[in-house]
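By letter and in written order, the chains are A, B, C and D; residue numbering begins at 1 in each of them.
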Amino acid sequence: MTKTAPTHVSKAEFEELFQTVCNWGRWGTDDERGTLNYIRPEHVRRAAALVRAGRSVSMAVPINTVAGPDNAHPALHYMVQAFDVHSDRGEPQFSMDFLASECHGDCHTHIDALCHIGYQGKLYNGKPASAVTSRGPTLQDLTAYAHGLVGRGVLLDIPRLRGVKWLEPGEAVSTAELEAAEQAQGVRLGEGDIFVFRTGQHRRRLELGPWNNGYDGEGKAGLSVDTILWMHERKVAAFFPDGDGETVPSNVEGIAYPIHTLQINAMGMACADSLQFEELVKVCEEEERWEFQVVAAPLRLPGGTGSLFNPIAIF
Amino acid sequence: MTKTAPTHVSKAEFEELFQTVCNWGRWGTDDERGTLNYIRPEHVRRAAALVRAGRSVSMAVPINTVAGPDNAHPALHYMVQAFDVHSDRGEPQFSMDFLASECHGDCHTHIDALCHIGYQGKLYNGKPASAVTSRGPTLQDLTAYAHGLVGRGVLLDIPRLRGVKWLEPGEAVSTAELEAAEQAQGVRLGEGDIFVFRTGQHRRRLELGPWNNGYDGEGKAGLSVDTILWMHERKVAAFFPDGDGETVPSNVEGIAYPIHTLQINAMGMACADSLQFEELVKVCEEEERWEFQVVAAPLRLPGGTGSLFNPIAIF
Amino acid sequence: MTKTAPTHVSKAEFEELFQTVCNWGRWGTDDERGTLNYIRPEHVRRAAALVRAGRSVSMAVPINTVAGPDNAHPALHYMVQAFDVHSDRGEPQFSMDFLASECHGDCHTHIDALCHIGYQGKLYNGKPASAVTSRGPTLQDLTAYAHGLVGRGVLLDIPRLRGVKWLEPGEAVSTAELEAAEQAQGVRLGEGDIFVFRTGQHRRRLELGPWNNGYDGEGKAGLSVDTILWMHERKVAAFFPDGDGETVPSNVEGIAYPIHTLQINAMGMACADSLQFEELVKVCEEEERWEFQVVAAPLRLPGGTGSLFNPIAIF
Amino acid sequence: MTKTAPTHVSKAEFEELFQTVCNWGRWGTDDERGTLNYIRPEHVRRAAALVRAGRSVSMAVPINTVAGPDNAHPALHYMVQAFDVHSDRGEPQFSMDFLASECHGDCHTHIDALCHIGYQGKLYNGKPASAVTSRGPTLQDLTAYAHGLVGRGVLLDIPRLRGVKWLEPGEAVSTAELEAAEQAQGVRLGEGDIFVFRTGQHRRRLELGPWNNGYDGEGKAGLSVDTILWMHERKVAAFFPDGDGETVPSNVEGIAYPIHTLQINAMGMACADSLQFEELVKVCEEEERWEFQVVAAPLRLPGGTGSLFNPIAIF
């Protein structure tokens, strides 16, 4: 079990990983649900059966309107109208607001549609990347997720395993560590599960303030790229990390975000980004379990390549 | 059981209704959860136990970027970047988009925060309406709903009861009809339940096209104002209507939206607006039940007076 | 002098017009100013010499936030903050707002950058249309107009000539009519001039209300396509019409907006859209002249394909 | 002639300045043009007569979409559509974009409407500040500037006088220095003139990068507050500074932006903010004069409290 930076992966090795985990055609040539196909009715039912305490907890970061090193495109939030104290004539008054945001901001909890990533001219399932133009995608948009992601969430809490507050930027998590976390928490990630992966990035932000976690800054902690084989074998349905689950900088030659590329483009995996689990870990510790029902519903945005959302864990 | 327009309610009668259903102080002077307090852990547990078929269905209208008589403020949706076919060098490319919308549009499924309505200088729980300024609210914002609304949803389908496709604009639904619908569907709305109320407005829109459903147009169908007493007695936790559950024009003297005012301002009820149940009713008919788990999570927007969202029913 | 719909122009005739008026290479292979090159210092000086009365008048339509048949994408205008009467402690308070708009709306006075139109894979001057991607243009953006358009404006007022309030949708204006208007007004459009062209579209809107002036509606009045030869011979520097100067529907086979295409793509002409001259015509009549200094400054938006602006006529 | 920080001004002295320069009622009780009333037709004519070289130059900073210490609210600029290479059928294609921005950003050249500042419950001319609510102002909005600001601009270039590249944050410019600059440049600011005031802030930004020029940062250079008396005596019509013409921090007790408050609220002066003169100074040196025609047209935004714009100097 190592905490050090991941070993170097060549472009050829990456292509081999891509071929190994590739799900193109697995669920039909026009499939847009990808690994969500692993979630069958019995998984939904069993996930709901985990609701015993009657508690729910958000896994979203509050929407951030303040520019910062990790928030180059802050959300815009304005009042459309407040109450008008000068013209109050005893009738009800209505306050209203307006929200605007990019849908894939590093600082905002969001889900990616499968059309989010093109690789070598192709989308997931081998569809042509030319389906995504300046007017939006004609396929693999958010529509596939319109009825929400519902299933069992399993949190693997790596800082808990390591006995640290958070992983430092650049650190990578190996398959061995993921399995050690399973053992430590008494849980096993399996077919149709939503993999909730914690590096503690948001706790670090809360305690130390925002930092530039991009390629031109300090980077971030995430998974080692070879864990993709483990996710593939385990038949993971969806991936919910804090940060985006990637180490920055990447250890793959010439590929900045190899895990996203493999997950979304090769596997058709539903991937969310930039969640936070600081409230969740407290509930897990109190309930002494790291599995729960997850219900996560992107906005119903036709042509959306992604959506801010507020995924909920229910115990 | 009448389908005719509601009888006239005077301002004095409205004030009496207000006093009768008023929950101010009921859950403490600083309470911001209002009728969500009716949902106790056992309700959450029992709601989850309704998940037997393993099916989920959205109750949201797809986000609408086309201006129309019921969509004066269309959402804005632009690509931040598409794939650049001219500069493809074999690396992953990322498509990204941008979404902007008012949070209380008639054409967009959304939830209202309790600070959405001020009446006679007060918010819910007697707090001063001056807490909501042009910079946003300092209390009763979306924060109270951050961890989602989770409970049992009960659909009362009035067009089904009446044997019509939809209710016509201006028609009002009485308490007697609500109880007749319960009987016809074999379900009973009770403490801590989410009241899912269907007039068929969205089906009408799908079949006949958008119409001006406001005060300067043809209006819309909704509840008779006296049903508020029934909702109060039944201890309804939340209200999820298609349209906004109100008849337009209102039958209350000088009050344009009396039901919202009573629900939000007097009762502290979590109210959503402008849902659609066209997919839901099919599932209800197939499953032969009109109760289900509901998980509905507004965006986690501090200072929000409302939020677009995608509420999910799970069977 | 005809008021009837224009005679049909074939695709081949259009291509011949294109070749005839084509300015590619005329001002160098990397030129981005196009017909603005016609404006030399003496033109600027002579235009300023027209300022004798000391009056200025806007040629812009007020920004429109109300959706309508000619305003599918209304501008968004919100207060960022108003004065807070509840917290006034005797210090200055600042009101601030926010504006958002598409840059080429039919209902908003704007200028087009030369990169606005691609035709058969090319931009003006033969540059590749691939220079404009989802991330914006890499050339022929608003930068060429950063220091404003300054010159002599000449108004040709066709409703005045015809003795009508406005031209009806679909009507076309011929070269003969343009010359008749010159004669009637005692003015001659010449090298380096800004051609201010009035159909009365905005007056019609003010009196009769908005109408759908697009291809799926009633259309609009504009120039006959062959007037492009006249504009080319006269060495017009810029084109400022109410509406967009085109008849809708077009009389050119397979080309929806032939005049814009010839002006921008073939000639490199600075073209504005959707101005209004209702205030201007009053001043022209009072001053008894139809020539004036024009100063028109787009926003200084790098990468802009167009900009809302407020062009000013000075007498 | 001092470069040191300004001497302290008490609240009482500020109130005395306010009374001394107050123009309330001077041009009628409902006047909204304020000091623009100083510009009479002969001033407009004389300004135009300065156009001899036939050159125009922008005084605007390019719109900035990159967040930074002086750009907390970056503008948003997206393509609505680019050219679609995949569907090119030989017809013209149109590229279009979208722009959104707050109207008073420190990093964006803009003009303030008179309703921008309320002081002790009043707007300019003694109108009630309650006219500005969350829905916008009902008076003193941009409408007063709809037909543009047209007149003589006089640049006073303080770094040139001092022989430095720029003034450092916190430095204040005295009346004596303004008059010394006049003498050095052979120009005199007079009735109806537009006062173009250069501290070199933008040059500093271009060379050293953005800095936090607000109260929580390093501050900025500007005028000493007592120069307001000189502007009043000289009957200045409008104020066009780089930065906002204020020293930050202010030397007035309890008033963060005293000069703006006196200019806008007491005098009714048309004030722009955050211009840049780096191109202008080159032209001034070449033409050996520091006076020129200015034409500056805010967007025609009803209810606007301010507007991005691109003011033009013409020589």
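As a working rule, a contact is a pair of C-beta atoms (placed from the backbone, for glycine too) under 8 Å apart; a residue touches a chain by one contact, two chains touch by 3 or more.
What you see is a predicted model; the values in this text were computed from it and never measured.
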Comparison of A-D and A-B by number of C-beta pairs in contact, larger one: A-B
Rotating chain C onto its identical copy chain D by a Cα superposition takes an angle, to the nearest 5 degrees, of 180
Separation of mean Cα positions, chain B and chain A [Å, integer]: 28
Can you give the whole-Å distance between the Cα centres of chain A and chain C? 47
Between the Cα centroids of chain A and chain D the separation in whole angstrom comes to 46
Residues of chain C touching at least two other chains: 76, 79-80, 82-83, 85-86, 98, 100, 130, 133-135
Using the touch rule from the top, collect the residues of chain B that touch chain A in their complex. 40-45, 47-49, 51-58, 60-63, 76-77, 79-80, 82-83, 85, 88, 90-104, 109, 115-121, 129-130, 132-137, 146-148, 150, 254-257, 260-261, 265, 279, 293, 295-312, 314
Within their complex, chain C touches chain B through residues 66-68, 71-74, 76, 79-84, 86, 100, 130, 133-135
Can you list the residues on chain C that touch chain A in the complex? 76, 78-80, 82, 85-86, 98, 100, 133-134
